[in-house]
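First chain A sits with chain B, and in the next complex the same chain sits with chain C.
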Partner chain A sequence: MKFRINSIAIEGFKGFTDQQAIQISGKHLFIFGSNGYGKSSIMEAIRWCLFGLTGRPEEIVRNQFYRTGDCFVELELIDQNGDPWKIQRRFSPGGARSRMTILDPQGGERAQSEVFPFLTSLGPREGTYIVFGGPSQLPSRSRPLESIEISDFGKIIYAYLRLENVPDLIEKLNKLIEDQKEEERQLAQEIEEEEENITDELKEVEKQLASFLQEPPWGDAEPPTSTQTKRKTKKLIKQLSQQKGQESPEDLNGENLLNLAQRWIQDLAAPEQEELNKKISEIKEQQSKVKELHRKLQEENQVIKNIERQNGEIERKRRNLLDDNDPDGFRKELENFNRKIEQTSLLIEIIKKSQLYLENHGTKECFICLTKIDKKKLRGNIEQRLKQVEPHKLQNIQRRDELKTSLEELTRLDEGLERAKQILKQHQDEYGEKETLLYKILNLEKEKPTPENINSFLKNLEEQVAELEQSLESKQEYRRNWERKIIRLREEIRFHRYRDKKQRFETLLEIGLKPVEERFDELVEFRESLEEIRQVLSFELKEKLRDALPLISKIMTKVYKHLTNQVSFDRVQIELGEQSGGFSPKLLVRVVSSDGLNLPPLDPEQVLNGQALSALRLVPYFVFSRFQREAWELDLLLLDDPTQSFDVQRIDLLLEELGTAANHAQLIIATHEEEHFTLSKFFKKEEISIIHTTGFDIRGGPHIEMG
Partner chain B sequence: MKWDEYYNVYLILHDLCENIGNSDFGFRIQGLLAHALSRLGIKIFEVNHQGHPDIIGEVENRRVKLEVEAAIGKARKRTIEKEDIEAIKPDNKNERGYFAVLDCGLPPEWLLVNYQRLKWRSFESLSIIILKSLSDKEFSNKCTEQFFNLVLLNTKRLSSFTFSILRDRVLRGEEL
Partner chain C sequence: MDKNEFPSDFKKLDAVSVFKKVGKQLSLEKSRSLWNRMQSEMQSGSVRRGASYAESEFRQRVEQVRKTLSQFKEGVEK
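The block that comes next holds the complex of A and B.
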């Protein structure tokens, strides 16, 4: 189904405020007006309605001063039957993105991909059948021609060759191959790690096995097989079960059977061993008890003897001290000496006072009997008397002190003797108790325990212990025999375990990883298939391009020459370059001179002037629209200021080309150079609609006048 | 081939590498591969110490070119250089080119990868697993079998086989 635009309604978009409608009636539209009056806004509104804005926030299209804040553009289209369709795009306040709605003639909503499938696949950045021209897209010194136009040229050429999907496909293949590579790498790493783990474990088992086999339990004989070990284990458990009086279990494996055997041996041997150990321990206890008692009796005996000896010594000292006297005589003599000392002391005092009286009072008579005395003689008598009495007193004191010391010593000896007798009594009692105990142990009724019968008794006990220990050893040997058998079987099982483990790891390395490796092979083959496909595609695409490029270059040259009338660099030449690792061809636009200067093809940016560059940039539009005239539902050619940088005399050439394009496409062209657009030479009056943007104000938007 | 033999060969190769160093080990492995190929009926014309390819032989009027490497130890990744691939690129339909890697893991094995499966992979870091997947399984297995026989038959003499001995004998058509 083919469509043409019938009318445009714009509200709140860029400079627009309240809704304004532009009636086109399916004709070509020429918008004339001075710069800044809204021509470009109309062009952009159409583009926005069709494609929205990708890669940029849509907020920038909204008129910030419009009161409702709504932003809305509607294109009314008429199909080939004359029925009206509508494409609406609305960007409501608060919304994140705009929404496009397509309404069929009955008002039903239709999916974009259903009505305009190519609009779906080709957005504004990729689209070439909806062609936008505009100052912002014109080449400039800061924005090289190639960076803008090469892709356009490329797309045009791919479209012409019906190969527009191939470069994308190659890119997709590139990505797919890279993804495959990554998947391959990851899986390879996983397999490698797994292999390394298994190898490490295998090496460890090999090491364990080698160490085990240095001294195998079976010596130089052949290693037992698993079956042999199992058979031996069963035999052992059967023998034990008979001794134990229990059924041998059927459901246990080797290791558990041996654990059970170990328990049974313990069960069988333990009670007897315990009994024997108990007896031995009792006898040994008795032995040590007798020895201890004997030792203590000897010690007590020694202590008693010592005490008795000490007591004898005290008695001797006492006797010496008393010297056939008795302690009461000692005491009477002491009292006697005390009296004598007192008497002597009183006498000395009287003599000394008499002497003092005599000296002080100079008496001539005795102061007691008043007898006349010779003072000198009396003094001599007193002194003589004093000399007699004083030594006597000293002798008495000395003797009294000696008596006192002896009496104290005697008291001490008596006390010591008393204490010693008490201690002796205690030891004698203890001796008696121990002796009684020993009687009982030795089972002696009346006989006194002697070292001989004690030793005889101990020897007897030792013989009993030796006998019991021998019996115990024999029981232990019996147990050890069984345990040796179990250990040997355990070693065999360990050997089988190592060997099984080794075999398991070997099998894992040999065939265990096979499924993953097969899956990996598939991945690798798939990637190789992709690479082959890419190679074939790339080769075919390049071949096709090599064949087609001369003709395309010729067609482009024709349009280019028509627009520019260039003398030098008058030919367009598209060359084949490489990108994406050499798989995707890159198309390079070059210009060539036919003037015989023999210059190589050159980058247009380097050699063309502004007008020629602008013209070259328009070439794909015209060429493309020729190629694709039947292909599109909506065949629009939108050009904003296409004659920028054009000489006035060349504008007619452009209009001539536009006239050719108008045979199939609906043109929408905006320009401020109305005076140079002699439309009547190239278009019939009934084929075109003309509007003028005559002014602009911030509240009302562009002033649009029809006709 | 039993696993004990695999393990033996693994130990022998690791011992040899440890004794003579990685570089010499690589050359000797190249010489041993030439002998293994010879045992498979390939007449060996060149075993190069320097330059490419490492081995050139012929069987049934078909020329075979090989680049040889040994992958030993933990670092078993290989980056295939462009010249390695160029060296084994067949010049005509009667030529075959192989990149041969001795994987010294467990079990050790030769991986012979045909040029056609490597041509897109220059500068790629290829793990042994990828090389294994790309390898010509039948040819690799045959080489591995012959190589094992050679190693096990000559275990005691292996360390005395220098590169030049191995090369000279195979070029004279003499067995080890």
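The block that comes next holds the complex of A and C.
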């Protein structure tokens, strides 16, 4: 079924706000208006409605200033029976992607693949049936998303030849093969690491086994088998269970059985050993107590003797000091001397006063008895008397001081002796207490604890300790015997474990990785199949292209020359380039001069002027649209400013080609060069609709006027 | 442009004709089998479906390798 667009309704898309509708009363639509008035938004709205955006967030098509936030475009299509269909695309606020709906004339929803099978199979490659002219005119942010642009000749030509699925598939295979190689590399690395880990583990266990076997517990004998070790372990636990009076467990393995055996031995031996150790400890404690008491008694005895000797010394000093006297005689003599000294002092004072009186008053008689005196003689007598009395006083003082010193010394000695006696008493008490304690320990009643009976007692204790220690040793030996058996069995189990582990790792290395390697080989084979498919696809594609390209180049040259009248670089040549490692042939458009300059084919972007380039971009459509048009459900040519860079006199040539294309395709063309579009020369009046975009404001969107 | 200028051979130039020839050129049986499945997917959908089929087969095989490797690792850890 073939369709054409009958009307367009746009709301909230790009610069549009409230819904505006454009009716296409004729077959074709021409949109005239100055740049910036929304022509391109209309073109993009049609394209978005048909294909949406893939690969980029659709948020960019939404008018951020539109109050409802809705973004909606509806195309009404008329089928060949004149019945109306609708294609709607809506991008609701908060949605991640837009949603397309196709409604049949009865309003029923239809699948895209059902109504547009060919378009659906091609996917959003508008280049196959829709051409956007002059994409460079659009700012990149608003450029339609689809990757194919009119300037991407290779893809366009692939598309028009309906071959684009082949390079597309090759590209997909390229990516898949690269992904797979990376996966293979990672998996191979993981497998290798795993293998290395096991090899390391094997080496380690071999090392442990070798070290173990350097000095095996079974000596030169044959190593025990696992069964032998198990049997011995069961026997051991059975013997112990009998001693313990318990059932031997059935559900434990070797290592756990040995752990149980260890606990049972502990249970059996520990109480007796504890008892013996307790007794030994008590006796040793008694031994050390006796020794300590004995030592302290000796020390006390020594201290007492020392104090007694010091006291004897003090007594001797005292006796010497008293010299058969007693302390009271000392004190009386001291008082006597004090009195004598007082008398003599008084006498001396009287004599000195008399002497002073005699000197000062010159009397001739005694001032006491008034007897006549010889002053000279009296003076002589006084002096003589003074000389007699003063030495006597000095002697008395000296003797008194000696007595005083002796008395003080005696007091000090008495005090010292008193203190020493008290200390002696304390030590004697201490000695007595310790001696009593020792009596009790040695169990002596009246007999004094002599070194002999103390030593005899200690010896007896030592004999008891030796006996108990022997008994303890015997118990320990009993325990050690069992423990040795357990250790031996543990060693055997360890040996079995190493040996089993070694065997397990060897098996793992030998056959364990085989399933992994087989799966990995399958993966590699799969990749090889993909590579072969890719290679054959690439080969077949190249073969087809090599056959077709000369003729395609020739046909394109004819259209190109008609549009441009080029003198130099007047021939189009499609060449086969390579990309993606040589598997995906790329079609390159080159231009060649027929003027005999003998220049190689060149990139048109490098050598053509703007007009020739714009024309060249349209050539594939003009060539191929007729060739394959029967396959298209929607034969639509969308051109946005196609005459950009065109010389005015060449615009007619373009319109002539468009007029020819209009015989089978529906044209929707936007341009700001209305004055050069002499539509009546190339199009039937009744087949064209014209609208003008006359202004734009941010609240109302583009101003569109019909006609 | 005269429609008659287009040779009828061009109509045989499409992707389907290329895909048809591919199956006959593949030397490996596994490649032929894979290609047949891919082509079948492409016939009922698009190239994307064919590639998706190949990718899903690839992922499945990767998963199988990983699964076997995990099983092996589990066996080692025991």
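In the analysis below, the second predicted complex is superposed on the first by the 402 of 707 C-alpha atoms of A that agree within 3 Å, B and C clash if a C-alpha of one lies under 4 Å from a C-alpha of the other, contacts with A are read in each partner's own complex, and residues count from 1 in each chain.
One rule holds for everything that comes next: a residue touches a chain if its C-beta (ideal position, glycine included) is under 8 Å from a C-beta of that chain, and two chains touch if they have at least 3 such contacts.
Note that this is a predicted model, so its numbers are computed, not measured.
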Considering only touches as defined above, state whether A:A548 meets chain B (first), chain C (second), both or neither. second
Go through the superposed model and pick first if A:E506 touches only chain B, second if only chain C, both, or neither. first
First (chain B), second (chain C), both or neither: which does A:L202 touch? first
If you tally the residues of chain A touched by each partner, is the higher count for chain B or for chain C? C
Quick check on the superposed pair: does A:I191 touch chain B, chain C, both, or neither? Answer first, second, both or neither. both
When the two structures are overlaid on chain A, which partner does A:Q286 contact: first (chain B), second (chain C), both, or neither? neither
Using the touch definition from the top, say if A:E528 reaches chain B (first), chain C (second), both or neither. both
I'd like to know which partner A:F520 touches here: chain B for first, chain C for second, both or neither. both
Common interface residues of chain A with chain B and chain C? 187, 191, 520, 523, 528
Would you tell me which residues of chain C are touching chain A in their complex? 1, 3, 5-7, 9-10, 13-15, 17-19, 21-22, 25-28, 30-31, 34-35, 38, 42, 45-48, 50-51, 54-55, 57-58, 61-62, 64-66, 68-69, 71-73, 75-76
Of all residues in chain A, which touch chain B in the complex? 181, 184-185, 187-189, 191-192, 195-196, 199, 202-203, 206, 502-503, 506, 509-510, 517, 520-521, 523-524, 528, 531
Taking the complex as given, what residues does chain A use to touch chain C? 120-121, 123, 161-166, 168-169, 172-173, 176, 179-180, 183, 187, 190-191, 194, 197-198, 508, 512-513, 515-516, 518-520, 522-523, 525-530, 532-533, 536-537, 539-541, 544, 547-548, 551, 555, 558-559, 622-623, 626-627, 660
Over in the complex, which chain B residues touch chain A? Could you list them? 3, 6-7, 74, 76, 105-107, 117, 120, 124, 127-130, 132-134
